Structure formats: structure tokens, C-alpha cells
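Same chain, two partners: chain A is paired with chain B first, then with chain C.
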Partner chain A sequence: MAMISGDNHGLRLAVRYTVLLLIALIFIFPLVFMVMSSLKPDQQLLVDASSLRAFLPVGDISLNNYLAAFERAPVGLFVFNSVLVTGVTVALSLLICSAAGFAFVFINWKGRGVILSVLLATLIVPFETIAIPMLLMVSKLPWLGMDGLTWGWLNSYHVQIIPFIADGLTIFLFVQYFKDLPGELIEAARVEGASWWQIYRRIVMPLSGPILATAAILKFLAMYNQYLWPLMVTQEEGYRPVMVGLQYFFQLNIAWGEVMAYLSLITLPVLGFYLYLQKAFIASIASTGVKG
Partner chain B sequence: MASKFTRSNGTGWLMAGPAVALIAAFVIFPFFFAIALSFTNQRLISPNPTEFTGFANYSQLLGVSALTLDPVRDDTGAVVLKDGAVEYPALRAFTRKNPDYPHLDGMREWFAFDTPFGGDARTFVLARDVVFMKAIVNTFLFVLVVAPVQAGLALCLALLINQRLRGINVFRAIYFMPVVVSIVVVSLLWRLIYDGSSGLLNSLLGALSFGLIPPIDWLGDPSTALGAIIAMSIWQAVGFHMVIWLSGLQTISPTLYEAAAIEGASKWQVFRFITWPGLRNTAVLILIVITMQAFGLFAQIDVMTSGGPLDSTQTIVFQAIDRGYGKQDISGASAISVILFVIVLSISLIQRWLTREKT
Partner chain C sequence: MKFSKLVASAAILAWASAANATETLSMWYHGAGNEVESKIINQIIADFNAAQTDWKVELQSFPQAAYNDSVVAGALAGNLPDILDVDGPNMPNWAWAGYMQPLKIDEAKIANFLPGTKGIWNGQLYSIGLWDAAIALTTRQSTLDELGLRKPTADAPWTKDEFMAALDAAKASGKFEYALDLGTAWTGEWYPYAFSPLMQSFGGDIVDRSTYKTAEGALNGEAAQAFGAWWQGLFTGGYAQATQDGADRDSGFASGKYAFSWNGNWAALGALEAHPDTVFLPAPDLGNGPKIGAASWQFGVSATSKHPEGAAAFIEFALQDKYLADFSNGIGLIPATPTAAAMVDNYKEGGPLADFVTYSSKFGMVRPVTPGYVVQAKVFEKALADIAQGADVAATLDAAVDEINADIEKNQGYGH
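Coming up: the complex of A and B.
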């Protein structure tokens, strides 16, 4: 009797793992296909796609597609642009949104309740509904740069950065997190005569590791993967990020090997980063769900 | 904290100010700007001054009319057949400067159906902008399929991942992987998977059915293109909502499950009476988030089909961008944006009302 139930248990476990594994295959196969295809010449890539060879590094394997991709488009420049725009936006967003969250939770000032509710109300405005009027707006804004005063923000880094520094969700996440910090601590520090800046810098920020990681990851994903906005505001090659750079590979006769090489190149670092910080990534998405 | 020590109008404004100013400038202003622009004839670059045009953009986009026509009859009164089908008077006669039908001027046929109880009569539904009408229908189709299917699949995955098994975190990490990949990358990758001649999907279906299923040009056929994009979109985003369900599952107290085990509840009973009620708030949130995201459908369309074939994958946002950016018609695109916002807002209000706490 005991043995039978033991076998049953083993069988159930095997079934569970088989189900989990089959589902895992569904999620992973396009990515394996992408990487393997990036190593094959076009002709072989298309033939292989009709068999299991699509998922194996077999046949004429080389890095030629990667070299060709670099020749077809200024890949290095696109990567540099993406890293710059994403990095600067994430850094500024953490600073400005955490300061705002701090002010909303700890400081007692006139109008904070009303303003916080207005900011949270912006969460229901999808970006797609304001993209077009914003395009017209930024095309007319002034900018004081190295060439003096110029009009119009199109084709620049700042047009890709400034509109995305502050957003309702990031501020909301900071507010939620700060509410759970012991408020007496801050009040005690005030009584002792600490300045607000000292409290922010010395007490609150050192306690905010998890929320800073969450906000940084969410912003990073949103910015690096952005497509619609940079597509509209960067007509000049010099400022284009990686996702818009993809267009160089949409020619009439698509060179799929090069496309796959480019896709792998811009995706694998993010996937590696994700796998390395997997727990933090998942925790950050989960934290957007604790609104209820 | 109402203590006098935490009171400081200056510092409060100073620290919240930058974020408030940025959101005011880049979310709130463009939002009202869109509403204002939608009543004008603004273009991206134009030599002519901008003029107020009232509801012209809206009536151009949303103008719909119906026309019931009797078949063409010959002298004896018999219905004329053309190629075996009943012939109707040409619509062009009504929609091209016909003084008796001024409201139909410039309209095109959207679809037609046999008039109920009307004998041989047929009702033609005309729209001023047939492509936009198709975009609205496609977007609703997309949302109506994606919202329940993606939420349901995500819940199944969350329940599957929420068991105590060795290595379960590895599976969770894999299921979540497509979420961190850009939708643009995913769309391009799936273009090759969906390819009509050498696509992976056709090879797989062919092998599984021993060649019985002929290759399908998934993205090139109007009857499958939207479905293909729906399937891919769910594949990409389901891990995101799995994680949100999972965090909801983990807020349910384990003592409830222990009590149920002692009472001898079946698996279904445990789900029905403990898990599901515990997930109520999560369910509302997920439904609203998926709906909002789904209405924004754009990148997949832009990369995979550009709205084709035969407008079968046109969407509201794709139309807005196509006009506002492609054709530089800012005012028309703004009107589309306002229409989209009104739709999203009413649907999330309806969802909130339907799922409200009944007390």
C-alpha cells in the first residue's frame, strides 16, 4: 500500500514537471530560434525553420551576420543612444519622483492632497492618447543649448528624456513605500533640528533600496523598449535608439540572418540582466499590483 | 503627520515641484491640448492659420448612415439578377452629390445585410470613414479576446507556479522572460514564425498533422492576421499578469487553506471559496490594466502588418499615428485620441461599477 502511494506520488510529480516543462518550451522557443538563426546564413536559416534544426546550432555556424549588421547600420551609435537616454531618464526619474514622494508623505504643505490626487488621476491617461498633441508641442518648444536658443525639440536627446522623467506610477510607488516607513523617525529628526534635505538624504534614501530598485527596473524596461515616441521624434539617424534602428533591416528583401543578429544583440544583454536580477525584476512587477 | 515640525510649505513645493511641473507639462497639458486641437484643422506643418472647425473632425470620423434599397426590377417587375446575385441600384448615385441625399455625400459602403422582414430589400450601412470604423471594430475585437483570455491564462500559470516544487523559480523566470523583451523585437521575430512559406508554425502544424494542414500565410490572410497578432500579444504579456496574480495569491492567509484541508474540501471548492474571493481586488486591477494596455495596440501592427491585409488589422492607435505623424493631420489624430480616451475611460468606469463591492 505504502509503495503504491509512493509510486503515485512519483508519477504525479513527473506529470507536474512535464506540464511545467512543456509550457516553458512555449515561452522559450522563439528566443532560442532567434539566437540560433543569428548564427546561420540566410539560405540555411529559412530551410532550417521547417525542422527542429531551427533550435540547434548546426550547419554553417558563424558570426558573419553580426558583422554584416554592423556594416548595414550604425549599431554602436544606436546602442550608445539607447543606453544614454535610458540611463539618464532612470537616474533623473529616481531623484525627482522620490523627492516628490517624500514631500507628499512626510511634509505637511498646502495643496498636497489635491495635487497628489491629480497626479494619480493621470494614470488613466494612456500615453498613446497624448502622443500626437505632444509631438506638435515639442516641435515648437524652445531649448537653450550649446548653439544658443533654438526652437523645436525634434532630433535631440532631451526630447526622448524630459517627457518621461516624472510619471504617476513611479510617484505612486514611492508614496506607498514611504507610508510604511516609521513616520516618528522623521518627526524625531525634525525635532532634533535636522533639515529636510538631511532627512531625505541620510534617513529615507538609505532605507529605500527595494523601492529604488523597483522604480529603476520599471523605468528601464519602459525606456529601453520604447518605440512609438522615438520613432516620431528622431528623423535623424544620430539620435535614434536601438528599437527605431530596427528599421534599417526592414528592407524589401529582409536579410533575416542580419535581423536575427541585431535582435539578439539588443535583446540578450537585457535578458542576461534580467536573469541575473530575476527576483528583483519579478518583485518590481508584483509591486505594481498591490494597489487593491 | 500634522505636527508643526513637519509643516513646511516651501520645502514641500520645492521637493514635489519638479515632478508636478513635468507631469503638468507632459501629461496634463497635452491631454487638454488634444481636446482643443480636435476642434480645429491643425496640421503639423502648414502655411495656413489654424481655424476652429467645431465637430467637423468627429463627424468626419464617426459619420455613419444607413440606406435601404429595393432591388433593380425590369419592366415586368421581376428582380434583375446579375451573375446570379440580386442587383441593387449603385450606391454611387446616392453618395456623389445627390441633392436629395446631402447627408450621404462622400460616404462609402461599410457593410450590408438583407433587411429583416423587408422582402428583397437590402440595408447598406455607410460610413464617412470606413477604415476608422474597421479600426474601432478590430480594436474592440482585440480587447474582447485578449482581456479575458490573457487574464485567465495568467491565472492558470500563477496557480501552476504557486506550488511547492523544487526548481519552481526557474519555471517562473522562464514564463516571465518574454515580458522583458521589447514588443518590437517580439513582433519581428514572430513575423518569421508566422511566415507563409518557411514559417516555424506552418512546419510544426504540418508535422503534427502529417501534412494534412496546408501552410497558411498567417499575417497575409485577412481572416487570420488579427488572430495571429492576438496570440502573439498574449504570449508576450501573459507573464506580466501571472506575476500580479501570484502576488495576489500570496496575500491569502495559509490558515484558510489549512482549515479547508481539515474540512476535507475538494480542490475546486478550495479555489471557489478561498482562492477566488481572496483574489477579487487583484482580478479587478488585472482586468483594468489589460484593457488599458490592449487599447493601445500599435507596435505589433506597425512592425507586422501596417494595418493590412485589407484593413483587417487596422487599430485606433495605428490610425491616430498614421494620420498625425504619417499624414501630418494633427487635428484628425487628436480627435481619434479623444475618442480613444472616452472609450477607455467609459470602459474602466463600467468595469469598476460591475466589480464594485456589493454591500
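Coming up: the complex of A and C.
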């Protein structure tokens, strides 16, 4: 009897892991295809694409596509620009949006319900609908920088950062998370005479690791994948990010090997960032699920 | 006395230096990511900057796929350069929208340029190209011989019946997966560029060019309907693929999948490399004479340029035969003048691609010269793709006409 039960358990595990493995393969195959294709010459890549060889490092393997990609476009500059713009935006966004979420949840002020509703309503407005008014606005705004006072933000890093620091989704995430924190903690701190800033910095933020990771990853992905806005506001190559840079590879006769090499290179920062925050991200999703 | 002399000298020096001041001209170009093209355009700029002291051109390159959007965004933000390049069929739209101003250059210098290289809108020159592109029916001499087909020439192109007989012969031979590679894998501008001339050869058109105020009768008239039925027959008859894989378009002719390929001169050297007996046949005469698309990228001056005379000076400088030849050698396009073509091995008389020069000058037809073309091109592409997939020809063309006419009306006739 015990043996039969043990066999059943083993069978169940085997089936479960087989299904999980198949699902994992479905998700990982595009990445494997990308990396393997980046190592092959174009003709072989196209021939291999219709068989399992597409996922294997077989045939004429080399790093030539990577070398060619660096020759075709300033890849390092594009990655640097994207990492800089994304990193600064994520950092500022976490600070500003968490502070806004804190104010909405813990501080009692008139009109906060209405303002939060308006903020949430912005979630249904696609960026494309406000892109042109935003472009007209930023092209006329003043900026005080190293060159003194100048007019117009085009061709700069700040034009890619400032409009995206605060957004409805990130604030909403913080609001939802803060609502589930024990209110007694905040009340106790207030009774002890702690200021709002002290409560935010010493109590709420140390408890917000999972939501900070979630917000950071979502913001990172959104910013790193930016295409339309930087295309509109960066006419100078020196400020272009990776997604605009990708277009350098789509000439009339597309060099697919170079495209794959470039994609592999620009995927590295995203993977690194995700792996770094993975545990906290999963913890946040899991805890959201339990509470939901 | 000494002081007044000093002041006078300083004033003269200031005037002299102001008079000799070099003005910077900004320029946008679509060649980022294309090493050869970038090298040539940079060389022209370096030569121009070294040849005179009045102007200094500074280049900003954009990837081609993002170029048009960048220019539109730049125009909205009031941030256009002095010199820009524009794809020929888009020029009327940019001129009408106020992005460009007429190009003031000595027109005697472009008298011998291929017709498709001159961007003329409302009777004025707005842009000029250093090259043009052309399409041919690419096949192999051995294929013509095996199938027992006459080799058509520019003076005696295939008739529609001969063309269909050639496709039938290729299909019946069983040697090819498809008789004809139309390049349906390439979407976007390829459709109006490559296929609207086939409709024009039937006698139809995207829009009525006599007024540019309607597509009625042009896109859904008898000739257009006949074209639509013929076009659909290419797919239902199994001659060509309505849905094509990009890899097949790139390598299908070389690998022997297709007997004939409707392709441009930019792919010609690759075809010759794969099959040294490749020949480039003229477009068939489908009833109204052979037609192929004309007009490629051209240079013009932005409407906001404060130095149009400097911008024009640069463009005039770039029109030298040696640069036309450099571009042709570098990126394989057809030089704009016969004298430049004679300097290029591929295009000189007897050269492997010389036929393209003939086809460009004899059969080249610019796409509708109207600001509404940018919309009409998309409507035309969708209609042809739908018909290829089996949509009703008459209903699809009527719907396309309605859409084009509604757009023309919405834009108050686009100034026609």
C-alpha cells in the first residue's frame, strides 16, 4: 500500500516537472534562439530557422556578428544612455511615487480621494495620445544647466527622464501596498512624536522591499523599452537609447545575425537587473496573491 | 589720434571677421547604420566644408526606419535642420505641410538628370536626388532557354499574354516552387512602388492625376478592375505567394525556388553572384506600355532654414558626377546622370546592370505627386493585400476609393 502511494507520488512529481519543463522551454526558447542566431552567419541562420538547429550552437559559429554590430552602431553609447536614463528615472520614481503613495494613505488631507481618482484615470490614457502635446511643451521649456539658461529640452537626458518620474501606476502600486501595512505602527510612531518624514523613512520604507522591487522592475522595463518618445526628442545620436539604436540594423537587406547580436547585448542589463531583484519581486507577487 | 586709429582698426577687423564668418548648416540624413552610405555622405560634406569658407555643414544621421517620424516630430517641435533628405513620393506632403521650401539651384545643372530624381511640386523644384532605383523582372538565361522563351527587350517587352505564358511554362516545368516572386514579404512602400506601376500598365492608377481630387474611375475603373482580377489570379492560380516569408524573399531566387523575381537594382548584384547567367528583363506591357516606379531619396531645404542659399549651395555641390558615381559604386543605385553612369562599371554601357538605366529613363513613372499620397499609398497597399488574400476585387477597390476620397475631402483637396 505504502509502495503504491510512493509510486503515485513519484509519478505525480514526474508529470508536474515535465509540464513545468515544457512551459519553461516555451519561455526560454526565444532567448536561446536569439543567442544562438547571434553566433551564426546570415545564410546559415535563415536555413537553420526552420529546424531544431536554430536552438543549437552548430555550424559556422563565431562572434563576427557582435563585431559587426559594434561597427555598424555605437552600441556602447546606446546602452550607456539607456542605463543612465532608466537608472535615474527608476531611482527618482521610487522616491517620488512612494512619497505620493505615503501621502495618499497615511496623511489626512482634503481632496485626496478625488486626486487619487484623477491619477488612476490617467492609467487609461495611452501615451500616444499625449505624446505630441508633450513634445510641443518640452520643446519650449526653460532649463538651467552648464550652459546657463536655455530654452527647449530637446536632445538631452532630462527630456527622457523628467516626464516619466511620476506615473499613476507606480503611485497606485504603493498606495495598495501601504494600505496593507499595519496602521498601529504609524499611529504608535505619531504618538511617540515622530514626524511624517521620519515615519516614511524609518518605518514605512524599510517594510516596503517587495513593492520597491516590483515598482523598480516595472519601471525599468517600461523605460528601457522606450522608443516613441526618445525618437521624437533626440535628434542627436549622442542621446539615443537602445531601442532607437535597434533601427540602425534594419537596412534594406537586413543583417539578421547582427540584429540578434545587438538584441543579445541589450538584453543583458535587463536580465541582470531582474535577477538582482528577482527574490523581492516574487515575494511581492506572492504576498499580493495571498492578500487578494 | 592714436586712439581713433585703434578704434578704426578694431572696427575694420570686426567687420572683416563678420564678413568672413562661417555659418553652420545643419543637415539630417537617413543613412545611420549604413557604413558605406555614411562614409560617402561624410566625404561630400568634408569636401564641401574644405572647398569654401562661407558654410560649414554638420551632419546628423538617422536610421532609415525612424527617419520620417523624426522629421515630423522635428517639424512639430520647430526643430528642423537646414538641409534634409526626403523619400521622393513623400516630398509633396512635406512641401504642402510646410516642412520644405523650394530649392533654388541652377536648373541647367540638372537638365540631364533622370526624371525620377527631380522632386517637383506645384511647378517648383523642391528636391533633387543623386540616384534613382528601378525594378526589373529578374530571371536566368538558362531558365529562358529551358522554357523556350523569347528574351524581351526594352524595345520589345513581353505582352501580357507572353508574360502569362512564361509563368505557365515555369509552373508546368515543375522545377520551381513558384513561378514568380513578387516580394509580398516586403510591406509598406514596396507595394505602391512595385505594384502600382503594374496597375498603371493596365491603364488604372491610385488617383486621378488630372485633378488629384478623386480616385474615382482611376482606382476602381474598368482598367483597375481588370488589373485587380489579374493580380488576384497570380495567387489563386498558384503562380505567386500572397503571404511570403522574409527569408524566401531574400534568398528564394538564389536557391532556385522561383523562376522569376520582381525585384530592384539593389538586389541585382546578389542575384548575379548567385547565378552568373542572371538577366534583368523589362517590365511586361500589360496593355498601356511597361511601367516601373521612380523616385528615391532626394535632398531639399527645410522651410525653417535661415540659410537657404547655403543649403542650396551644398546640394548643388553634391550633384557632381564623381559623387553620383561614388554612391552608385557604394550602394548599387543608378547614377542620376548618363555621364556619371559611364563612370560606374556596373552601369556603364555594356555593364551588368546597364539595363536598369534604360528601364529607369524609359519606363520610370513617379508615384502620384500629391500630399495625399502618404495616405493613398497605405490604402492601396491594404487593398492589394486584401485582394491577394481573396477579397472581392470590385468591392475592395470601391472601398479604397471611398477611403482615399474621404481623406482628400478632409484635407480640403490638399491644395490642388
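The criterion applied here is as follows: the second predicted complex is superposed on the first by the 236 of 292 C-alpha atoms of A that agree within 3 Å, B and C clash if a C-alpha of one lies under 4 Å from a C-alpha of the other, contacts with A are read in each partner's own complex, and residues count from 1 in each chain.
In this section, a residue touches a chain if its C-beta (ideal position, glycine included) is under 8 Å from a C-beta of that chain, and two chains touch if they have at least 3 such contacts.
Given the structure is predicted, the values throughout are model-derived calculations rather than measurements.
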item: Touching partner for A:V191 - first (chain B), second (chain C), both, neither; value: first
item: First (chain B), second (chain C), both or neither touched by A:L119; value: first
item: First, second, both or neither for A:T129, with chain B first and chain C second; value: first
item: Partner chain(s) touched by A:Q235 [first = chain B, second = chain C, both, neither]; value: second
item: Partner chain in contact with A:A49 - chain B first, chain C second, else both or neither; value: both
item: Chain B versus chain C as contact partner of A:L271, first or second or both or neither; value: first
item: First, second, both or neither for A:A100, with chain B first and chain C second; value: first
item: Which superposed partner A:R72 touches (first chain B, second chain C, both, neither); value: second
item: Chain A residues touched - chain C or chain B, whichever exceeds; value: B
item: First, second, both or neither for A:S139, with chain B first and chain C second; value: both
item: Touching both chain C and chain B, counted on chain A across the two superposed complexes; value: 46, 49, 132, 135-136, 139, 231-232
item: Residues of chain B defined as touching chain A within the complex; value: 1-3, 5-16, 18-20, 22-23, 26-31, 33-34, 37, 42, 44, 157, 160, 163, 165, 168-169, 171-186, 188-190, 192-193, 195, 198-200, 202-203, 235, 239-240, 243-244, 246-248, 280-282, 284-286, 292, 295-296, 298-299, 302-303, 317, 320-321, 324-325, 330, 333-334, 337-338, 340-341, 344-345, 348
item: Of chain C, residues touching chain A in the complex; value: 28, 32-35, 60-66, 69-70, 73-74, 76-79, 246-247, 250-251, 266-267, 270
item: Complex contacts: residues of chain A adjacent to chain C; value: 43, 46, 49, 71-73, 132, 135-136, 139, 152, 154, 231-233, 235-237, 244-245, 247-254
item: Residue numbers on chain A that touch chain B, as the complex places them; value: 13, 16-17, 19-21, 23-24, 26-28, 30-31, 33-34, 37, 46-47, 49-51, 54, 96-97, 99-100, 102-104, 106-110, 112, 115, 118-119, 122, 124-137, 139, 162-168, 171, 183, 186-187, 190-191, 196, 200, 221, 224-225, 227-228, 231-232, 243, 246, 256, 259-260, 263, 266-267, 270-271, 274-275, 278, 281-282, 285-292
